[in-house]
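So, here's a batch of structures to check.
Two complexes, one shared chain (subunit A), two partners (subunit B, subunit C).
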Partner chain A sequence: MMQPSLPKFKSIGWLVLANLVLAILLFGVAHAQKSEPVGVTDDQINAVAKQLYCPVCENIPLDVCPTQACAQWRSLIGEKLAAGWSEDQIKDYFVAQYGDRVLATPPARGLNWLVYIIPPVAIILGAFILYRAMRGWRQPASASRQVETGSGSSGDEYVTRLEEELRRR
Partner chain B sequence: MVANFGYGALVIALLVSLYGIGAAFYGVRKNNQGWVNSARNAMLLTWPLVTLAALSIIYLLVTNHYEVEYVSSVTSNSMPFYLKVTALWGGQAGSLIFWSWLMSGFASAVTLRKWDRDREFLPWVIIVSLVTLAFFLALSIFFENPFESLWQTPTGNITKSMLMPAGAIPFIPADGSGLNPLLRHPGMIIHPPMLYLGFVSFVIPYAFAIAALVTGRTDDRWIRLTRRWTLVAWLFLSLGLLLGGRWAYDVLGWGGYWGWDPVEIAAFMPWLTGTAFLHSVMIQEKRGMLKHWNMILVILTYNLVIFGTFLTRSGVLSSVHAFAQSAIGPAFFAFIGLTFIISLSLLLRRWNELKSETQMTSMISREALFLLNNLLFMGILVVCFWGVIFPLISELFTGQKVTVGPPFYERATAPLFAGLLLLMGIAPLSAWRYTTAKTLGRAMWKPFIASLVIVGVVLLTGVRSLPALLGFWLCGFVVSVTLYEFWRGAMARHHRAGESLPLALWRLAGRNRRRYGGYIIHLGVVLMAIGIIGIEMFQTETQGALQQGERLELAGYSISFDSLANFDTPDGRNVSRAVISVFRDGNYLGELHPRRDYYYESEQNMTIPGVRSTWEDDFYVLLVDWQPISSAGATFKVYHNPLVNWLWLGGLVFILGTLVAAWPDRDPETSRATARGSAYASVKA
Partner chain C sequence: MTDIQTAPPAPETPAPPASRGGRFVIFGLSLSLGALIAWIALIALLAIVALSMFRNAQNPAAEGNVAPDFTLTTFSGEQISLADLQGKVVVVNFWASWCKPCEQEAADLETAWQFYRPRGDVVFLGVDYVDTETEAMAYLEKFDITYPNGADLGTRISQAYRIKGVPETYVIAPDGRLAGARIGPFTSLAQIQAMIDPLLSP
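Up next, the complex of A and B:
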């Protein structure tokens, strides 16, 4: 007798679960819609503008640039945001219009790779040269072990070393 | 008339410089001290000559001689007297004269010292100084002449030249276009002279290094002679950078102090090599090592000084094409190339004579850690140099300009700066020559525990960001180590000599001002790092349009817009000044007055923030836009900058430490003579 009701119960269970999921989703959407203002806020515009540079005002990010041209760019960003464009779409739009220089860092492609590769390569190379040089300079530590002791030695040794260093300067 | 006089003084200064170079060369060749003395007199004569030229420009500036092109481009009737004087370095042509003036002053001061023990250096120091001076004088005379007048040609064109073009008549504007408003700030008045002082004083250690290379006197005498010059140069450069940061924070209206702009980096690069040099010379002095490396560092610093001036003065940053079109760019380029190649060839010639006297015994000895510090400084230099020149390379090869902005520098340099902080904590505890991990660990555990306490306190304040916690731990570690070093030294004296602790501390620092001045500098760096972590990792901002009485909230603060006034000032500005009330957690804190100044002459806006500063944070408000008709509404941009004032305090401590380190000792030669005298007296007695 209970047998047929089980699937029914099961299906009700699934239904409740499905409704719950839907409710959560709808709540989420409704909440998201509620939190999204009708207009676009200055902060939303600045969040995008911060990542862009106009070709005229060199090295001044768009969100803080005081010129009229940059104010127009900012209002353009506002229009695009209001039209539902994403941050990346807006950035791509400006790149298409004015070239890669509007971005804060060069896109990693072609010659631009060099900008990202050279500094770490140079530093690793420097570290390697330094390591080799230090190994080359090294002499058996025992030879000088008795000559001078380290900083963590007892108080008297510290004082002696300090006095020695202060005297030699 | 005065313009011709000033120009004449410049030309004579150049001729005297060229004579001095020739006389010094001839004196060396013929081993004739008379010619060298004559070269020295020539060097000394350049300073009054360039002073006359600079005074001529100042006279033209303060008396509104607008027929002189430079005067009309940087001053105007409405500018106050002091700004007219400082307009000497407000434009390209004037600032080059200012550079030359400082250069000739410094070089003259050096030639006035006692040379008895180092007579062989003298001609070469004169030659290097005079070659540098002659280069800058030539730039002024041939490319960027501040004495050129304006002329109206028969076709109505306005041109500038020293001599009147055929058929032209003098053109005298009724008013000048005025100094760039951005430069009318006390910080901007002191900032360029400080940077220039730093730049030109680094020429002196370089001149001595070259003298040492040429004469083959490759011991550490040149380093000992220029130790104080280097510190003074570094002091001025640091001051210049700090003032520049403060000026940006106060005037540029973007809520920050450092934007990784190429012009900033141009001044930062010689500072990096200079700092590395200050550390690595100690290894040569104490251990007789790294002679090659110190030469390379001082050569690099000199060339970066010239390169920095080149970057800011040649227009190359706007476009490589602008550089190619201006005559000054290639001249700079050639000079940098030539001096670099000559310096390196001299170094290669002496390579074998500069071999280390001793060997490295331990990978964690003080000298090894100093070398690591040098590696990190060089790493930051590579990032900076590459970031600045990459857009030029890209434009040259692909025709496409790119921006290398703050995110690149921040990501690349942050770990390197963190590494430097770590070394700042470890190196003072390691001994010269021989250190083991065990002895280092034994010295380190107490400060290490203390630094963990600091991390605990930071955790209690609610900070959970891992990079921030790491940063604060590093700061805590360096502070603990540094204070521990002061404490141990003072306690040792206290126990040994029975001195009271304050006296022991005072005498300890007095015994070796360089060492303890250096530690004070480290403390300053840590305070600056705290400010930098605060503003870089925890800065928040918001922007909004407010009607009168409306509020905008950020980080527990809120502002309400009270009123806005718009008025003209006698110095040619139209000022829009807002009055806003600031509240924190509902409590009224006071008024702020962010404003926007419009300069009629230059048609430029300046955004001056209203700032409420405490040790905890800055609340920084900018007037972005307003509705001029009704004055009812205005848009404000608000920044919350936590801990930023520790940056400025750190800057002051940093400068204090440098002053302690650079403070003149008793002349070691005099004191040695006195000691010998007293020993002799006691023997006789």
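Up next, the complex of A and C:
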């Protein structure tokens, strides 16, 4: 009597197992959706993140920073991108929340101007000093060459007179 | 010996000026315009660096100094100004949801707040440093923290107090001066009370 009902139990067993697998898969998908904003890729998040620095981990761009604080920030960027915010809007939000120092490129205002002014001015000044120095080195060198050749016509007056005196004797 | 053609002696000409441009005499030094600009730029740069180093060397959050003023916008939107809390002991705690050591002291801080709250002359303020609001709210809920908390907008408060990390706690006396600071987490309720009790009038 039991024999004919066995396949039925078997099929129910398979059905339960299939449902369990499906439930686990669906739960996994739902979990993944919760941790990553819909429609936003890591590349999109990192494109914004690399322009920001977390004040906790100085000198490490947000896209490669391994701390929990930075992970939270990247998650926040993902949420803002999913909400349709532009790159500039997100950066403005981070500046309002955490200050100018989160930006990889400091805004050109206040003392920050020095960052933009000093390097080119230093290069120009350095080039000018180098030019002046090189000109100074070339002049004495050419003068000494004239003395050595002894052409005398437009050279040192002393050498010219000396040669003239020697010729007279 | 060949006859050497010699040029007639050159007429005495006045010495050319040291520089084609105008020269400036400062403290007995004759400088060209370029050198003058270079010196001014160098001195200005050194002055900025010196000023910056001087400001860094100063610690406004040292004990005995007047506590740097700030306005905290709490997560519920309330604005609390330190200046308005004169006459009370103020405990300013810097924390963050990602900060594990902050979790060690969270329960003790809340217990201390509940202990002093009925007196009315002790105020606890939580300053959330470099955090995201969602995680911060979850943290406050997890530890049942009821005293006012708000984000350190623009990291202005933490910069004013020159904090080195979280957690850090500053206790401000009723006269507005800094009475004590705790760098790192409190490990017991007694440690918090030991900083507050001497400042309270009996």
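We take it that the second predicted complex is superposed on the first by the 100 of 169 C-alpha atoms of A that agree within 3 Å, B and C clash if a C-alpha of one lies under 4 Å from a C-alpha of the other, contacts with A are read in each partner's own complex, and residues count from 1 in each chain.
Here, contacts are C-beta pairs under 8 Å (C-beta built on N, C-alpha and C of every residue); 3 or more make two chains touch, one makes a residue touch a chain.
In this text, all values refer to a predicted model and were calculated from it rather than measured experimentally.
A.B. asks: If you stack the two complexes on chain A, which partner ends up touching A:G99: first (subunit B), second (subunit C), both, or neither?
C.D. replies: both
A.B. asks: Regarding the shared-chain residue A:T41, is it in contact with subunit B (first), subunit C (second), both, or neither?
C.D. replies: first
A.B. asks: Tell me which partner A:F128 touches in the superposition: subunit B (first), subunit C (second), both or neither.
C.D. replies: Touch status of A:F128: second partner only.
A.B. asks: Counting residues of subunit A in contact, which comes out ahead: subunit B or subunit C?
C.D. replies: B
A.B. asks: Quick check for you: in the superposed arrangement, does A:A108 touch first (subunit B), second (subunit C), both or neither?
C.D. replies: neither
A.B. asks: With the two complexes superposed on chain A, say which partner A:V56 touches: subunit B (first), subunit C (second), both, or neither.
C.D. replies: second
A.B. asks: What is the contact status of A:A83 with respect to subunit B (first) and subunit C (second): first, second, both, or neither?
C.D. replies: neither
A.B. asks: Of the two partner chains, subunit B (first) and subunit C (second), which one does A:W73 touch, if any: first, second, both, or neither?
C.D. replies: second
A.B. asks: According to the stated criteria, A:I118 is in contact with first (subunit B), second (subunit C), both, or neither; which is it?
C.D. replies: both
A.B. asks: On subunit A, which stretch or stretches are contacted by subunit B in one complex as well as by subunit C in the other?
C.D. replies: Common to the two interfaces on subunit A: residues 55, 99, 101, 111, 114, 118, 152-153, 161.
A.B. asks: Name, in rising order, each residue of subunit A that touches subunit C in their complex.
C.D. replies: Subunit A residues touching subunit C: 54-56, 67-69, 72-73, 75-76, 95-99, 101, 111, 114, 118, 121, 125, 128-129, 132, 152-154, 157, 160-161, 163-164, 167.
A.B. asks: Under the touch definition given earlier, write down the residues of subunit B that touch subunit A in their complex.
C.D. replies: 253-255, 259-262, 286, 289, 317-318, 356, 359-363, 368, 371-372, 375, 378-379, 382-383, 386-387, 390-391, 393-394, 397-398, 400-408, 412, 416, 429-436, 438-444, 488-489, 492, 496, 511-512, 514-515, 541-545, 605, 607, 625, 635, 637
A.B. asks: Inside the complex, what are the residues of subunit C that reach subunit A?
C.D. replies: Residues 1, 4-7, 9-10, 34, 37-38, 41, 45, 48, 96-98, 130-132, 134-135, 151, 153-156, 159, 165 of subunit C touch subunit A in their complex.
A.B. asks: Which subunit A residues qualify as touching subunit B in the complex?
C.D. replies: Those in contact with subunit B are residues 41-43, 46, 53, 55, 58-61, 64, 66, 71, 99-106, 110-112, 114-115, 118-119, 122-123, 126-127, 130, 134, 137-139, 141, 143-145, 147-153, 155, 158-159, 161-162, 165-166, 168-169.
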